[in-house]
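Worksheet: the structure to be examined is printed underneath.
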Amino acid sequence: MNALLNTSLTGNDMLFLLKGAAGTLALTAIAVIAGSLIGVVLGVVRAERGWLLDRVLGGLCDVLRSVPLLIQLILFNSFVSLIGFPLSAFASGAIVLSLYMAVNCAELVKAGIASVPRMTRWASRSLGMTYACDLRYIVLPIGLRTVFPSWVGLSLAIMKDSALVSVLGFFELLKSSQTLITRTQEPLLLLLIVGAFYFALSFPIARLAARFERSTLR
Amino acid sequence: MIDIRAVQKSFGSLEVLKGIDITVQKGEVLSIIGASGSGKSTLLYCINGLQPIQGGSIHVDGIDVHAKSTNIDALRQKLGMVFQQWNCFPHLTVLENVALAPRVVLRKSKAEAQDLAARQLERVGLASKLNNYPSELSGGQQQRVAIARGLAMQPSYMLFDEVTSALDPELVGEVLDTMRMLAEDGMTMICVTHEIGFARDVSDRVAFFSQGIVEEIGPPEQVINAPEKERTRAFLNKVL
Amino acid sequence: MDIFSGWIPQFHMNYVFQWRAVWASLPHLLEGTLVTLEITVLSMMLGVAFAIALAMGRMRTTGVWYHIATAWVEIARNTPALFQVYMAFFGLGAFGIYLSPYTAVLAAVAFNNAGYLAETLRGGFKAVPDTQMSAARSLGMSGLQAHRYVVLPQVLRIVFLPMTNQMVWAMLTTSLGMVVGLKELAGVTQLEQSRTFRTFEFFLAAAAIYFLMAKAILYSARLVAWRSMKRGA
């Protein structure tokens, strides 16, 4: 293979990249799961708990979506060192990404809840179901299903944004490739490998979600 | 008994109900007829607390519907409601639609709830559709699912809000037949309806609403066949 | 990070905020902001131009154009922006193309914009019913006239909000210039903080400026929308 591609990349290097890829996936998984859980709660609170709370929380969410993730990562990392509570690059990255996911997820959840027709909710309340039962058995199952494709898109975006955690020094995939590039001076090949990895994960999942969306247009 | 006293209801500055006094006894079938916008449906939503009222009171079996201390969820178990647009839960099968509330509200076991649901669905003639989704059924069938869903809670009273208005003409009959059967079984019913024939044949009393008040109320022989008030006559002439 | 000794974590604030350094560097920060805005606007213009071509390519269902356009769109949407910046800055070197940090960031953001906007435009066109076209043609309008007076205004109305969001995104993404040494806002912030060691203050200031810029873009867009769409829904 070396002769064919005329590269100085070794098996060890590929392992190194793989470790980076695992880091990317770990960050993504944590951010998506934690962010979604927080996001659902946040979205429900914003949709159901009065307009004042919605506005206040909305303002906070707005800030997190109007500042570049890069800046947020650096700012958060320096802040936690400041207060004497330094975190690893991975931890900082995971927290910031989770919050970013949560904030965007909350928007989706809010929209999903709003998409459930008022009459359907009246029907369930008329049966004597409490507000909580209505939310749990009717509103959330229907609303979350509606925004599922967007949620997939959001998760994929988080995976791509995980590359930014490299500026904090965390060895996710892109940073690992940078290390190899400085040694081998073969930027194109390594970047293509890295690009292929992201593409191979993102493209099929995005396509599946689009197909799911079309098929549930009952 | 449902006791409606001097009920007033406004949406902002628009007064929809201007003082309604009606008492519905157990076992009675009351039909409410009238033009659109006369407040008929709104009254039903006030009875089960979906809409607040600005004046008067509504008591169901002695409990004030709109009192802050009332447990409205518990009260709604006694009041079954069927809507114009049936509002079946799209993400559940027919059986699950009917079994959900008994399971979640009445705390029945899954088996018990499904058994109860199956019996109600058989009662309305949908025993063969238990595992279908509402989107696979016709409007008339979905409406009957909604009726079964309300019945599964074993309510004391059933409220019907123009349940045939959104149906194609050929599907109206099956729903009316179901309602007729319920009336014969002794269910207390308040039906807001445009089906004057149904109102005449099945009701014990008919109330004619006009512009937010009860213009005329009495047995169908009187209100429909020989109305006393001019407005009632005018309305019936238009629709019959 | 010892969070288990003691019930309450101990926060050590051995840090005095020094905002004067930020104030003194304000001119530099504003210079960087200008670069950011410049790239944002240029990348949007380029992005829209290419997006139109890509959308047209995507609306056919076969042919070379379709495949090229699809490849562009899918690569832009399925790879990280940072990766695209690296490709523009480092990757193209293998082909003998050495872009300056400015050009590299501009190219990458424009590439990305084009990809996303192509789909937005395509969706916008699909959302206008064919019956509108039929109605216009049956009134005697030529295809071009029908598009100009009937279809395009409706498409613009639909895509305006997504395009605004894309512009905000582009502006935020220029911050990646920091990684390749470009002196846009983030890059300048990085330089200043490495000189003064006031990481937190400088990046907080940068965050505030980005926030204000994002708001400015959104409000200007709302103004434009309100002014131009007053007549007719």
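By written order: A, B and C. Residues from 1 in each chain.
Methods note: a residue touches a chain if its C-beta (ideal position, glycine included) is under 8 Å from a C-beta of that chain, and two chains touch if they have at least 3 such contacts.
Bear in mind that the values here come from a model prediction, so they are computed numbers and not experimental data.
> With centres defined from CA atoms, tell me which chain sits nearest the overall protein centre.
Chain closest to the assembly's C-alpha mean: A.
> Quick check for the class: compute each chain's Cα centroid; which one is farthest from the centroid of subunit B?
C
> Go ahead and note the Å separation of the Cα centroids belonging to subunit A and subunit C.
Each chain reduced to its C-alpha mean, subunit A and subunit C end up 19 Å apart.
> Can you compute the centre-to-centre distance for subunit B and subunit C, using the mean CA position of each chain? Integer Å is fine.
Whole-Å distance between the two chain centres: 54.
> Just give me the whole-number Å value for how far the CA centre of subunit A lies from that of subunit B.
47
> Can you tell me which residues of subunit C touch two or more of the remaining chains?
Subunit C, residues with two or more chain partners: not present.
> Once bound in the complex, which stretches of subunit B touch subunit A?
By the definition above, subunit B touches subunit A via 45, 48, 50, 73-77, 79-81, 83, 85, 87-91, 100-101, 104-105, 135, 146, 149-150, 153.
> Which residues of subunit A touch subunit B once you look at their complex with the stated criterion?
That would be residues 117, 119-120, 122-130, 133, 137-138, 141-142, 145, 218 of subunit A.
> Of all residues in subunit A, which touch subunit C in the complex?
That would be residues 63, 66-72, 74-75, 78-79, 82-87, 156, 160-164, 166-167, 174, 178, 181, 186-188, 191-192, 194-195, 198-199, 202-203, 206 of subunit A.
> Quick one: which bits of subunit C touch subunit A in the complex? Just the residue numbers, please.
Of all residues in subunit C, those touching subunit A are 1, 9-15, 74-75, 77-83, 86-87, 90-91, 93-95, 168, 172-173, 175-176, 178-179, 186, 189, 199-200, 203-204, 206-207, 210-211, 214-215.
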